[in-house]
Every structure is written in C-alpha cells, then in structure tokens.
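What follows is a set of structures for review.
Below, chain A partners chain B and then partners chain C, in two separate complexes.
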Partner chain A sequence: MIVDAAAKIGIEVPIYCYHPALGPLGACRMCLVQVEKMPKLVTGCTTPVAEGMVVHTRGPAVDKGRQGILEFLLINHPLDCPVCDKGGECFLQDYTFRYGPPAGRFSESKLERAKDAPISDFILIDQERCVLCQRCVRFLGEYAGEPQLMLKGRGVETVVAPADDRPVTSPFSGNVIDLCPVGALTSAAYRFKARPWNQVRYPSVCPHCPVGCPVTVTAREEHVMRVEGRPIPDRDWGWLCDRGRFGYDFAVHPSRLLTARLEGRPVPEAAALRQVARWLGEVRDRYGAGAVGFVVGGQHTVEDAYHLRRFAETLVGPGVQLAISQRVRGYLPPWLHGTYDDLEAADAVILIGADPYRAVPVLHLKLRQHWRRKPALPRWGVGVRPLGRETLPLRDLVVRPQAMAATLAWALQRAAKDHPAARAVAAGLGAWEPEDPAAAEALGHVLVASERPLLVWDGHDPEVETVLRALASVRGDRPTPVLPGFGPENARGFEWAGFPGGYEALRRLLEQAASGAIRFLAVWGADLMREVPDAGLVEAALARVEYAVFEGLFPPQGGERFGVWLPGAAWAEEAGTWSTLEGRLSPVAEAVAPPGDARPVRSILAGLARALKRPWTPEAWDPMVGTEAGLLPRPQRPEAEDLPSIAAPPPWRLAGDQLYVVAEADVFAQGAPSEILAPRRPAFWGRVHPETWAAFGSGPSGGRLTLEREGRRWTVSVGPDPTVPRGLLFLPIGVAEAPVYQIGEGPVTVAQPLEVRGG
Partner chain B sequence: MADGQRYYLLRHREVPDIDQIAVYEAHEGYSALRRALKEFTPQAVVDLVKASGLRGRGGAGFPTGMKWGFLPNDGRPRYLVVNSDEAEPGTFKDRELIEHNPHQLIEGMVISAYAIGSHEAYIYCRGEFLHGAEQLRRAIREAYARGYLGENILDSGYSLDIHLYRGAGAYICGEESALLESLEGKRGQPRLKPPFPAVAGLYGQPTIVNNVETIANVPMLILHGAEWYRSMGTEKSPGLKIMSVSGHVRRPGNYEVPLATPLRTLIETYAGGVEPGQLKAIIPGGSSVPLLTPDQIDTPLDYESMMAAGTMLGSGGCIVMNDRTCMVAAAARLVKFYRVESCGKCTPCREGTYWMANVLERLEAGAGTDRDLELLLDLADNIGGKCLCPLGDASLGFMVSAIRHFRDEFEAHVREHGCPLGANRYDTVNH
Partner chain C sequence: MFKTVKALAKGLGTTFKALTEPRDTIAYPEKRREYAPRFRGKHMLAKDEDGHELCVGCGLCEAVCPANAIRVVAAEAEPGKPISWTDRYSVDYEVDLIRCIFCGMCEEACPTNAVRLTPFNELAAYSRLDMIADKEELLHPPVRK
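Entry: the complex of A and B
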C-alpha cells in the first residue's frame, strides 16, 4: 500500500483507521494522496503501489483534502486536550497541528456522548473523542476473535460501545489503548497520573510470563506509570495481554519486601549481609563449596544469574550446587527449542497439554493469526481437557491424566512402526491402547509426516520429553521445533548465564539439601514452596538446611524457614537482559530506582564479598556475544540416543468422593500481586465440571471445598467450568490460597463441601 | 400506457391477478424459463444479454452482460443477489414490480442464475416492503411447488434455491457491498472496492448483484430477442425503463417508456403535466442526482443525454417541483435524508452530511449568514470524491445544483431571515 511504501522511505502519510496488522479499511480518509493519472484523490491505505506510479503526498489538493477531513473530525470533538490523557501523544492533535485548518468554521452545537465510561475494569471510553477508526473493534473482533466492542447507531450518531452492554473481558483488551490513535480509549489505572512529556520511555520485556513480550515502560519520578506494547518491525506487533499491561503495580504493592529481615526482625541491610556472610563462610570453610546451594528464579536478569554464578565459583569455590527454580517437571532440550519463524512456516500445529490462552496469552494470539492465514492446516490439541477454543479451533484429543506421554508414544509408534526410536519409546506400552486409537493414530501421522510441524508443550509431563526426542529422531533431518509454553520466565537466560537447566538439576539440589549434604541454601527470587512441583521435597530441604537465605520481592511461602530475607530489585529497577519464549535475548532498561532497601543482585553480592573480606567486583559480560541478533544458539540434534521406554499408564480409578487434582498455568492467577488486576483474578481458584460441582457443592456459581490427603486438609475455592472433564479439579500453579503442589497432583478426597458463596 | 402501447414490465396492469402463478403461467409465464433451459446454453443467455445492451437499472447503468462476464472461472460457488432495497427518494418502481408481479422477477432470477452458473440466489428486500416481501415469499413457494425452483428445474438438471432476506431499514444497504455485509448478518457498511463483488462478494465468493428491474427484463429478452430490445431506445441506451414520477404532477406513478423518450413527454403526456403552478425544477434520476431546469425539459431520457445535461438517469426517480417549492427547504430535506442514512463508516460523509444539514436547516429557518453558501460549497468540495462509497457524493448532487441554479433564493433566505416564498416551511425539528 502507498502508506507503507511512504513510511519505508520516511515520508509521513497521516493515518487513523489503517493498521498493517489489521489491513486496510478505508474509513477515516485521512491518508488522501494524489496519484498522477488518477482523477480523484485516493486513500493511500487502500491503494497498492505499482511500478511507475507517481504519488504526491503534499500539494494543494492533498493539503485541502487533509484539512477537510481534520475539520470534519473536529466538528464533534470536545477539544478537551488539556484534560486528556492522550494529549501530547495524540494523532488527532499532531495531525491537526501539522495538516489541520487554522481555525474552525463549525458554529452549530456539538453532539454529546458518553465520556469516561468504563468498558471494563481497566479501560475507559470517551465517545466524544472517538474518530471511529474502528481499530479497537477490528482488533478485538477479528484479530483476537473476541468481538466485545462494536459500532452502535449510524451516521453521525455512530459510537463504539461494548457489545450487548457487557464489560469487555478479553485478556487482550488493553491493546485497544495502544491502538486508539486519539484519547477515546484510555487506561483507568493511568488516568490523570502523568502527561506524556513528563515521562521517560524505556524499552523492556514483560516479566509476567515466559513469552517475554517487548514493552515500553514509561516512568515518572521513580514510579512506573504504565506499560505499553513495543512493536519491533518485521518481528512483533507489540501486542500485550492485560496481565502484562496492567500488572506493573506489583513493585509498589503493600506486601513488597522493603527491608532486610533477620529471623523475622527488620534489620539494616548491612547487618543482614554480615550474617549471611558469616553463615556462608562457616559452611564453605567447614564443609566445602559443595555444601552451598544457589537457586535462581523470579524477576532476575541474565546478568544477575551470571553474577551469581561467578560469585559462587570465585568466592565460594568450585562445586557450588546451582539450579533454576521450576514450575513444572518437564524440560525442553535446547536443540528442540523452536522460534516464531518456525511458527510462521509451520504446516501443522500441535499443542501438547498447553493452553496458550491461559498460560502464555500472546502466543495464543500468534497461533490465532497463523490459523487465520492458513485455516486449513492440521491443528491438534492433546490435553487432559479440550484445548481448542472458538478463537483457535483445534482437533482435540483428550487424554486421561498420566496418559499423555503414553498416548504420544503410541501415536508415534503407529505412524513410524519401523523406526527404532519409535519402537524403543513404545516398548513398555504392551497391549495398552489410548482411548481414541483412531484419533491418536491420525495425530501420529501428522507428527511424523508434516514437513514443518510446530509443537507447543506445557512441560507438565516430563516423559513427553522422551517422546519428543524420539519424534525428532524419527523425523531425521526435518525440523521438529517445539515452543515451550512453560517457564520460568527468563529460564533460557539463566541457562545462558551458566545455571544448569531443567527440573532434574533442581530436584538433585533439593534432595542434597534434604539429605543434609547442602547446608547453606540461598534462594534468589524464587518462591519455592509456591511454585516447585514437589512441595514436600522443598519443605524437607528447607527444614534440613542449617542456613537458608531468601532474596526477592515478596515474603516467600514458608518464609520462617529462611533466616535472612533480602529485599531485591524488581524488573524495571535494574538494567540487564531477558530471554523470551523463543529463546531470544532482549535488553531491559532500568526505569526506576529500587524502593526502600531493595537493591540489585550485583550490589547484594558486592556487599556479601565485602562482609566476607574478599575482593570481588561484578565482571562485565555481554550476553549478546555469541547470539544471532539475540537469538540463543541451538545445539545440534544429538546422534542416535538410547531412549527409555514409556510405561503404560495405570488404569484410571477415582473413588466417588475423590477428585483428581491437575496443576495448570494461569497467567492471571500466578506471579507478582497486582492491585490493578485484582478484578481480573478468577472468582474461584479451582475449576471442576459442572456435574462434578453439583455432586460436591450446591451453589450455582461456586464455593469452597475441603480436600484431604494423608491426614492433611486444604480448603480451596472452586467453581464450575464446562471445559473441565468430569472428576478433574484444575488448580492454578503459584497461588498461595490454592497451593496445588502442596495438595499434590493426583486423586484427593473431598472431605466436605463447605460454605457456598455466590448465587 | 397511453396510445395503445403494450406493457412489458408493468404487464400486471393489463392482466389482473398475474401475481398468482396460474394466471402468470396462462400469460406466457415461465415459458421464457422453459425456453432458456431447453434452447440456451448458459453462455448463450449471457451472450443474449450482452447483445441486448441491457444496462443496470439500479442507478449506475452498468452493462449487465459485461458485469456477468467479470465472474472468474475458478470453480468457486457463485451467488446471484437481487437488490430490492429500493430506498432512493423518488424511486418506487421495484416496489410495484415485486408487489404486483413477483413471478416475473423469479423467472428472471432463475434464467440469470442459470446463465452465470449459480445455484444459490438471494433477494435482499427493503425492510419496509412488507407486502412486497410477502408476495415474494408466496411466489417463491409457488415456484418451488411447480418445479421452477429447487432440484432439477423442469428436468433440465439445473438446480437453484432462492432465499428471501429482509433488510432492516438502511438506505446504505442498497449499495451493493453494504448489502452483502448486511446479507451476511453484519453491520451494513460498504466494503472496500476492489475487490468487486464479482470476484469476492457474498461470503467472499464471486457474486453478481443486480437490481430488480434489471432481472425482470431478462424473461422478455429470451422471448423477444435482443434485436427487439434494441429496437427501442438508443444504440448505447437500448430498451425500456420504468420512470417513477412524483411531485407536482397531475398523475404521479410509474411509467414504462422506451429509453430516449423526451422528459417532456414523460411529464406532460404521461404524468399529465405540472399541477399546480409552473415547472421550476426536475430531479430526473432519484434524489442523488443534480436537478434539471425547465429549459432542459426536452432532454431525452437516456443515460448519455442525461449525462450531457449535467445530471444522471440514475434509478429513474423523477421528482417534479413547481414554482412554489423552496429550493433551500428541498435541499435541507434531501441532505437531512443523507445525514440520517449515512452509515458512519467514513469521515466526510458522516460528519459532512451532519454539518451541511445543520447549515441548511439554519438557512431555511432564517438564521443563515453571508458565509454559509461558500461554506456549503466548500464542504461539498471536501466531501465530493473523498468518500468510501457513493453515498457522500449522492448527498451533494441536488444541493450543489440548487445553489448553482437558484443562488438568489438561497441569498434571499439570508437577507430576509426566512423563506421569501413563505411556503413549504421545512420542519427543523430533528427526529
């Protein structure tokens, strides 16, 4: 289109309705240009460029056309720029200054419409400022597939309004704020907080889920004011989910750790560091470096992890035990790690357990665009519940819990009967068959026969890794890219900094702690009790170690086990590098200073070194060296591997008073607390099938269930959800009020349905 | 019609109860379909329509056969959509056709759909045409019962289903791409063109959208041939056209005339002349076209002559105004129509018609200023040629020509703070 071509060579053609991701609409008529040999002005957003075409983007006719359009747009506009949040970064303001009429000629009365009306908990609409470009309507309706905004009325009475007068609930709703070229859709949380010219904008990466979307953080006077999407040409449109866009207030949450604590008492940071140094020195000197363990997680940068490793290696000594906190047991070998380019080129998409809409929302948006472009390709969802959605139709293959790896191994073996790797992984299945053999076999053929499949895995069942390795072996030289739909955030970055990846490393470290071999355990950023799948092992480890130190943003679960708490710097409070879902490093800027006594890891480590009376300065290290424009290198596929065989799953048995607990990632439930996002927190943490709910509860919307296992009881809020198969109870990972990993996955007895709320 | 001339499209005026299928059949009804299916290949029908020179009767006058020829040959399903969303002020011909002779349209549709290889056809009927829609619904049912619709029509192996869809009262849905949006169940807004409906129309498939009167012509082309059709009208504008005459005439109504009939004949002979008063202005082709003045009354009613006279034949809605008509009031009334009917999608039409209607109402009420005329013309310039669809331009035709020809009258409204004619005070209350 002419506007794109002009933008490429740096010529501005003003636009409102056009957006390259949404395609041409031709509604606002702002981009009128003159094309030689065409009788009338044409819209630059709807006219494709052609060889030899001569386009004038200025000139008397074009200028008058633009002036006319701007004058029309302004006749019913309230001209309330002084109190408009968009003022200063508004395209109506900017274009009017650049191309608009010097004065208005409209002397009639302006139409009055809704101002500052909420369309959701996060977004306000001002219909008087709206230029009806329809970007918001089209983004939600077409791009995200959730038509929750619509045009109402006609002619000059047309307004954008929530469909059926119901609040907008799409997790992608906040993008309409970025898309709105004027001040019609604004953020409720940002309202009247700052003017654009008082703020500084910093490039960063969203820390709230493993996707790592590019964001712009704008800050004013040491406070993050808002988070916006940061489009990267030819790579990313800059869409965010609402978790990332509105969850930025965690840094000023009342529960944030702002002072160091020693045995629960607030102490000066230096005193806490002296105590940690004494413990660390004692353990190192008496038991050697092997008795010291470091676990990294949370919102740390790649550089933080690098400094931690270097500190451990140089000041504690070689042999320090290192691990990355994990939220699932599965691990994706780096050589299988796919990229978004793989998605772009994919001729089949298979979701294995992963529901990107809940776990990694912006990946869902990318998968949806792939579906919109190529709707006919095979798309599968294999999960313990149906993974397909209206916004991303899939062929669903629902398996029993524990049968995921077996089903995939069976499918692979059916599709590649003669391949030794396929035979090896399926050898232990015996006569076992999946519940829907025909569908499983069809899936196997898609996995084996597609030229460029793309897999998305939720990492829930670690044995799936074996099947993926076997699949790659069967596929030989054809690629088998897998995108990990699981965290932790920045995990590949921590690995790049030298921490060993995967759940096995963490489990070994925790077992050594539980057995007494590790006596000093420092946890950097991670909340182990809340997020690690084997909460019992974490408990045992923390109970056994002599000294446990915690660094992070919020008091950890089981915090009394840690002798010292150190307040850490959060995301946006420290510059560094972050890795994204496709394993690409991206810089994050320091937008604000850490509050209170919170400080970055390198400062804490320098303080520790001083207390240890050893010279140490953080080494300069550029993590970008060795990457391809930030993309972390992928190792070669290993030559023939010996793969263990997958055992047949145990028969499905669930007593009448039992539920089967399944842990699931939910980006709106997990992670740092946010007061802005409080309205979006699920009303009930747990989800069961409505019939299951009816059997155990009595309220129509939800209530609380008391669960019991091995004499321990937990009470969690539960609501009905028709997408959950009967008998299963889905609980989100990382929520203190519903500690799924402490309850444990698997069958649990319903002790009693308690109080019912809602109605 | 006068002077013993035969009726064709308006045959129902001679034949009572021709809306009943038995009567229709008794008067050559569906014989054209029989003949087309038996003696014509689909391509032969297309060639016949091309040879006849039939042009679209909805307003644009695009050659029908040529339009049919734009369908891509790519194996995708094709749709025929009949535009019965007649809402142009001054035009009421399609209404009479569907209310009084629905089988003529259905027969034309089957032949046309056969010609273009479509097996699904739609009638998009203006929402307000309740009686017309009921007539069509009944006629479609009758045609199915007699085997003129459905599977294997008249043992020809050709099948067609016709669906009737009623609009919800939006002028814009008479614009073909907005019609298709509405037919798909969406908000009635025009689409970007290209792609044109022939390439990507209903549900993205190749689609032909034709006016009711256009399709109603097809059976007689089969029966009487292209030569006969060309014996009427001119080389470029052959055939018959229904003109809807309204306003200050003795006998308002629909008149079927050969194209190139002088406007004077239509008004003075057929419609019985201007009454009361003297002729002041004529809108010859529906409210969207510029007016003609009394000295242009001998202009022939064909597409080319009207174009040469500075206006358009359009849909054939001929509005006659006598010398007591206030041009400011008329312009205010017509622009208000477009302000209300603008879909709101594109800026100049949405805001411009609102602004112009406001200014005209102010002028009409006597609160105009010296600058208002220049403002109106400048607004017209900012709308003209800058809109997404023709509606914006359509709102200008009458107003601009009225200012051109009756500038004194507009200025008198400013000078005298009201209408110098003291008549036709336009009600300025918005609804």
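Entry: the complex of A and C
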C-alpha cells in the first residue's frame, strides 16, 4: 500500500482507519494522495504501489483534499481538548494542526451524542469525538474475533456502540484505547489522571503472565499512571490483554507489604535484616551451606536472581540449595523451547493441555492470526476439556485427566512404529488404548509428519516432557519447537541467572527442608503455599525449617510460618531484565521508587552482608552478553537418550458424590491483586459442567460447594460452564479463596451442597 | 578660603534646587505606585459567575511554563458536586513564585481564561515554602483581575 511504502522512506501520510495489523479499509479518507495519471485523489491505504507509480503526498490538490476531510471531521467534534484524555497525543489534533483548515465554516449547533459512556468497566466512549475510523470495531470483530463493538445508525448519525447494548467483555478490549486515533475510547482508570506531556514513558515488560508482552509504563510523581502496549517493529504489534493493561495498580494495593515484620510485629528494616543475618550466620556456621535454601519467584528481575545466587555462593558458601518456585509439575527442556518465529513458520499447531485464551491471552491472539492467515493447516487441541474456541477453531481430542501423556505416547508410537524412542515411551502402555483411537492416530501423524509443527504445552502433566523428548528424537533434524504456556513469569531468566530450573529442583529442596536437612529457608517473591503444586510438601517444609524468611510484595499464605517478612520492590520499581514466553530477555525500567520500606533485592542483600560483617557488593552483570539480541541460546538436542516409558493411566473411576479437581492457569484469577481489575475477576472460582452443577449445587448461576478430602474441608465458589466435561471441577492456580493445590488434584468428595448465591 | 565658600555654595545650591523639584520616589507603603493594567504580577485562578472554577486542570500552563514553576493535578469531580464548570477540575494547582519569571505564557496558554496574572507584586515571605502559592491562595487573590 502507498502509506506503507511512504512510511518506509520516512514520508508521513496521515491515516486514521488504516492499521498494518488490521489491513486496508479506506473509511476515513484521511490518507488521500495524488497519483499521476489518476483522475482523482486516491486513498493511500487501499491503493497498492505499482512499478513506475508517481505519488504526491503534498501539493495543492492533496492539501485541499485533506483540509476538506478535516473540516468535515470537525463539524460535530466538540473541541473539548482541554478535558480530553487524548489531548497531546491525539491524531485529530496533530493532523488538524499540520494539515487542517485555518477555520471551520460550520456555524450551526453541533450534534450531541453519548459522552463518557462506559462500554465496559475499563473503557469509556465519547461518540462526539469519534471519527468513525472503525479500528476498534475491526480489532475486536476481526482481529480478536469477538465482535462486541459495532457501528450503529446511518449517515451523520453513525456511532460506535457495544453490540446488543451489552458491555464489552473481551480480554483484549483495552487495545482499542491504544488503537483509537482520537479521544473517543479512553481508559476509565486513567481518566483525568495525567497528560501525555507531564509523565515519563518507560519501556518495560508486562509481569502478569509468562508471555511478557512489551509495554510502556508511564509514571508521574512516583505513581504508575497507565500501561500501554509497546509495538516492536517487525516483531510485535504491542497488543496487551486487560490483565496486563489494567493490572498495574497492585503496587499501591492496600494489602501491599510496606514495613518489615519480625514474628508479625512491624520492625525497622535494619532490625529485621540483623535478625535474618543472625539466623543465616548461625545455620551456616553450625550446619554448613547445605542447610540453607533460597527459592526465587514472583516479580524479580534476572539481575535479582543473579545477585541472589552470587550472594548465596559467596556469603553462604558453595553447596547452598537453590530453586525456582513453580506452578506446575512439568518442565520444558530449553532445547525444545520455541520462538514466535516458529509460530510464524508453523505448518501445524498443537495445543497440549494449554488454553492460551485463559493462561497466556496474547499468545492466543498470535495463534488466531496464524489461523486467519492459514486456516487450512492442521490444528489440534489435546486437553482434559475442549480447547477449541470460536476465535481459534481446533480439532479437539479430549482425554481423561492423567491420560494426557499416555494418549500422546500412544499416538506417537502409532505414527512412528519403528522408532526406538517412540517404542520406548509407549512400552509401558500395554494394550491400553485412548478413548478415541482414530483421532489419536491422526494426531500422531500430524506430530510426526508435519515439517514445522508448533506445540503449546501447559506443563500440567510432567510425563508429557518424556513424550516431547521422544517426539523430538523421532523427528530427528526437523525442529520440534514448543512454547511453554505456563509460569512462573521470568522463569527462563532465573535459569539464565544460574538458578536450577524445573519442578524437580524445587521438590528436592522442599523435601530436604521437610526432612530437616535445610534449616534456613529464604523465599524471594514466591507465595509457595498458594502456587506450588504440592502444597502439603510446602506446609511440611515450612513447619520443619528452623528459620523461614519471606521477601515479597504481599503477605504470603501461611505467613505466620515465616519469622521475618521483608517488603520487596515490585515490577516498575526496579530496573533490570525480564524473560518472555519465547525466552527472550527484555529490559524493564524503573519508573517509580519503591514505597515505604520496600527495597530491591540488591539493597536487601547488601544490608544482609553488612549485618553479617562481610564485605559484599552486588557485582555488575550484563545478562544480554551471550544472548542473540536478547534471545537466550538454545542448547543442542541431546543425542539418543534413554527415555522412561509411560505407564497406562488408571481406569477412570469417580464415585457419585465426587468431583475430579483439575488445576488450571487463569490470568485474570492469579497473580498480584488489582482493584481496577476487580470487576473482571471470575464470578466463581471453580467451574463445573451445568449438569454436574445441577447435581451438586442449587441455584442456576452458581454458588458454593464444600469439598472434603481426608477430613479437611474447603468451601469454594463454583459456577456452571458448558465447556467443562462432566465430573470435573476446574480451579484456578494461585487463588487464596480456592486453594487448588491444598485441596489437591484428583477426586474429592462434595460434602454438602449449600446455596449462598444464585437465583 | 573664598574657594571653599564657593564650592559650598555651589553644592548647597544643587541641594536647594533639588528640594523644589518633583520627586522620583514615592513614600511606600503609605503611597503605592499605579501599574499598567497589563502588569504581570502574582497569579490568580478565576471563577465564573456561578462560582465554578474556570480551571479544568488541562495542564497546558504547566506544559508551556518555561521555568517549570507550575504543577497541576487534575481529577474527576464527584457526580452532582461540580467544582469547575465541567466534571474535570484541578485538585492541585501550585505556582512556585520563586521560580516564576512572570512571563505570562500560562495566561496566554489557558484555554478557559482561568489563570491570570494580577498586578499584585508584593511577593515576600520568611520561608521558601511560603512562596509556593497553592490553589486556595490563588483562588483568593489580594487583587483581582
């Protein structure tokens, strides 16, 4: 298109409706240019460039055309720039200033329309300011596939309005704020907070899910004002989900830890550090460095993890136990880790358990664009519930819980009968067959035969790692890229900083703590009780260790077991580096200062070293060294490995009064609390099939269920969801009110139906 | 001797001549000077005839101020309790009168004619903090314009 060609050589053609990601439309007529040998002005956004074409982007005819368009656009515009949140970064302002007419000739009264009307809990629409470019309509309708905004009315009465007068609920709705070239769609949370010129923009990375979308954080007077998408040319459009866009207020949440606590009492930070140093010194001197354990997680940068490791190695001594907090048991070997380029080039997409829409929403958007471009490619979803959606059609293969790895191993063995790796993993299956052998066989064929498949794994079943290794071995030199749709955030960065990855390392550390071998446990940022799959092991470990220290943003679950709480600096309060879903390091900026007594890890460690009377300063380290423009290096595929075989899953058995609990990542449920996002929190934490709900609960819309296992009881809110298979209860990971890992996955007895909400 | 008397007479002559001439100074603070109507002194924030503030907190004065003397924080008024004539108002408006160079650009930039520089120029205080005029002070200026 002419506008793209002009942009490439640095010539500005004004545009409203055109966006390279959305494609040409030609609705706003702002991009009129003069093409020689064409009788009239043409729209630059719908005219493809051709050999020998001569285009004039300025000149009397073009200027007159632009002036006319702008005069029309401003006829009904209220000219309320001083009270408009877009003022200062508004393309209507800019283009009128640059290309507009000196004065309008329209002296009649202007049409009055809806002003500051909410279209959702986060977005306000001002129809008077709208220039009807339809970017928002097309983004939600075509790009995200959720047509919740539409044009209503004809002619001069055309307005953008929510479809069916229902509020916009798409998790990608916030992007229309960035897309709107004028002040028609504005953020409710940012309303009247600041102006573009009195705040500073910092490039950063979203901390709320493993995707790590590029964002711009804007701050004024030590407060984060808003978060916007940050497009990276040729790599990322800068789309965000609403979790990332509106979840920035966690740093000023009332529950934030702002003072150090010693046995629950607020104490000066120095006193807390002295106490920690006494404990650490005592354990180290008496039992050696092996009795000290460090677990990292939460919103820590790669540099934080590096300082932690160096501190542990130099001041505690070699042999200190390190681990990264994990939310699932699975681990993706770095050599299988794919990139977004692999997605671009993929000729098959297979989701293994992962529902990107819930767990890593922006990856869903990327997968959807891949589907829109190449709809005919094979796309599979293997999960305990159907993973396909209207916005991302898949061929669904629904398996029983616990049968995921077996089904994949069976499929692999069917497609590559002669390969030793495939035979090895399937050796333990015996005569077991998946429920839908034909579909499984077809899936196995896609896995083995496609040239460049892309897999997305939710990490839920650790045995799938074995199947993935076998698959890579079967595929030989052809790549088998896998994108990990599971946390924790920045996990690859922690590994790059020298922490051992994977659930095994964490489990070993916790078992040593539970057995008494580790006597000093410091948890940096992670809320272990809430997020680690084996909550019982965490409980045992915390009960057994002599000294437990917590550093983080919010009081942890089971916090009374930690002798000292240290308030830590949050994301956007400390500069550093962050790793994204594709294993790419990206800088995060320090936009504001940490509040209260909160300190970055390096300050805490320096204080600890002082209290230990040992000279230590955090050493400078550039994590980018050794990466390929930030992309972490992928190790070579190991040569033939001995793979354990997958055992046949136990037969599916569920008593009449039982539900099978399955943990699932949900980006709107997990993570740091946000008051802005409170309306978007799920109404009910648990989800069951409507028939299951009818059997156990009462009331049509959901209520509470009391679950019982081994004498312990939990009451969680549960609602019906038709996509959930019968008998299963999906609970989000990392929610204190529905502690899925304390309840434990697997069958659980429903104690008594109890109606609280409903009707 | 004669020379001395002559010099004395000359000097006193100048003195007595000056006594009868019109004075260049005024007896401040008993008498005050008249300023030109467009003299740029201390700022004020104006209200409209209904008592609503004219300032909507758009921040253009802050943006244009060459001395970075102005700080504006806007907010949304509670429904039914308007503070300015629209639902946006300035919750904080501060002018650092030590930094201010009284150039009048804020007055020129103001889209609602809310901020005005009055002829009042008696700016003195015992502390620097007292020289930062807050919104309350600016809404009640000693001299209006």
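Please note the rule applied: the second predicted complex is superposed on the first by the 758 of 759 C-alpha atoms of A that agree within 3 Å, B and C clash if a C-alpha of one lies under 4 Å from a C-alpha of the other, contacts with A are read in each partner's own complex, and residues count from 1 in each chain.
The definition used in the following text is that a residue touches a chain if its C-beta (ideal position, glycine included) is under 8 Å from a C-beta of that chain, and two chains touch if they have at least 3 such contacts.
Every value quoted in this text rests on a predicted model; they were computed, and no experiment measured them.
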Exercise for review: In the overlay, answer first, second, both or neither for which of chain B and chain C A:G153 touches.
Suggested key: first
Exercise for review: Applying the touch criterion given at the start, work out whether A:I69 contacts chain B, chain C, both or neither, answering first, second, both or neither.
Suggested key: first
Check your understanding: Which partner does A:F106 contact after superposing on A: first (chain B), second (chain C), both, neither?
Key -> first
Check your understanding: Which partner, chain B or chain C, touches the larger number of chain A residues?
Key -> B
Exercise for review: Classify the contacts of A:T577 with the two partner chains as first (chain B alone), second (chain C alone), both, or neither.
Suggested key: neither
Point to revise | Partner chain in contact with A:P82 - chain B first, chain C second, else both or neither | key: second
Review point. Thinking of the overlay built on chain A, is A:S173 touched by chain B (first), by chain C (second), by both, or by neither?
Key: neither
Exercise for review: Look at A:Q93 in the shared chain and tell me whether it touches chain B only, chain C only, both, or neither; answer first, second, both or neither.
Suggested key: neither
Study note, to complete from the structure: Listed in rising order, chain B residues that touch chain A in their complex are 170, 172, 187, 192, 339-348, 350-355, 358-359, 362, 371, 375, 379, 381-383, 385-388
Review point. Where on chain A is chain B touching in the complex?
Key: 24-30, 32, 39-41, 46, 64-65, 67-69, 71-73, 75-76, 105-106, 108, 131-132, 134, 150-151, 153-158
Review point. Which bits of chain C are touching chain A when the two form their complex?
Key: 56-60, 62-63, 72-76, 86-88, 111-112
Check your understanding: In the complex formed with chain C, which residues of chain A make contact?
Key -> 80-83, 87-88, 116, 191-195, 197-198, 221
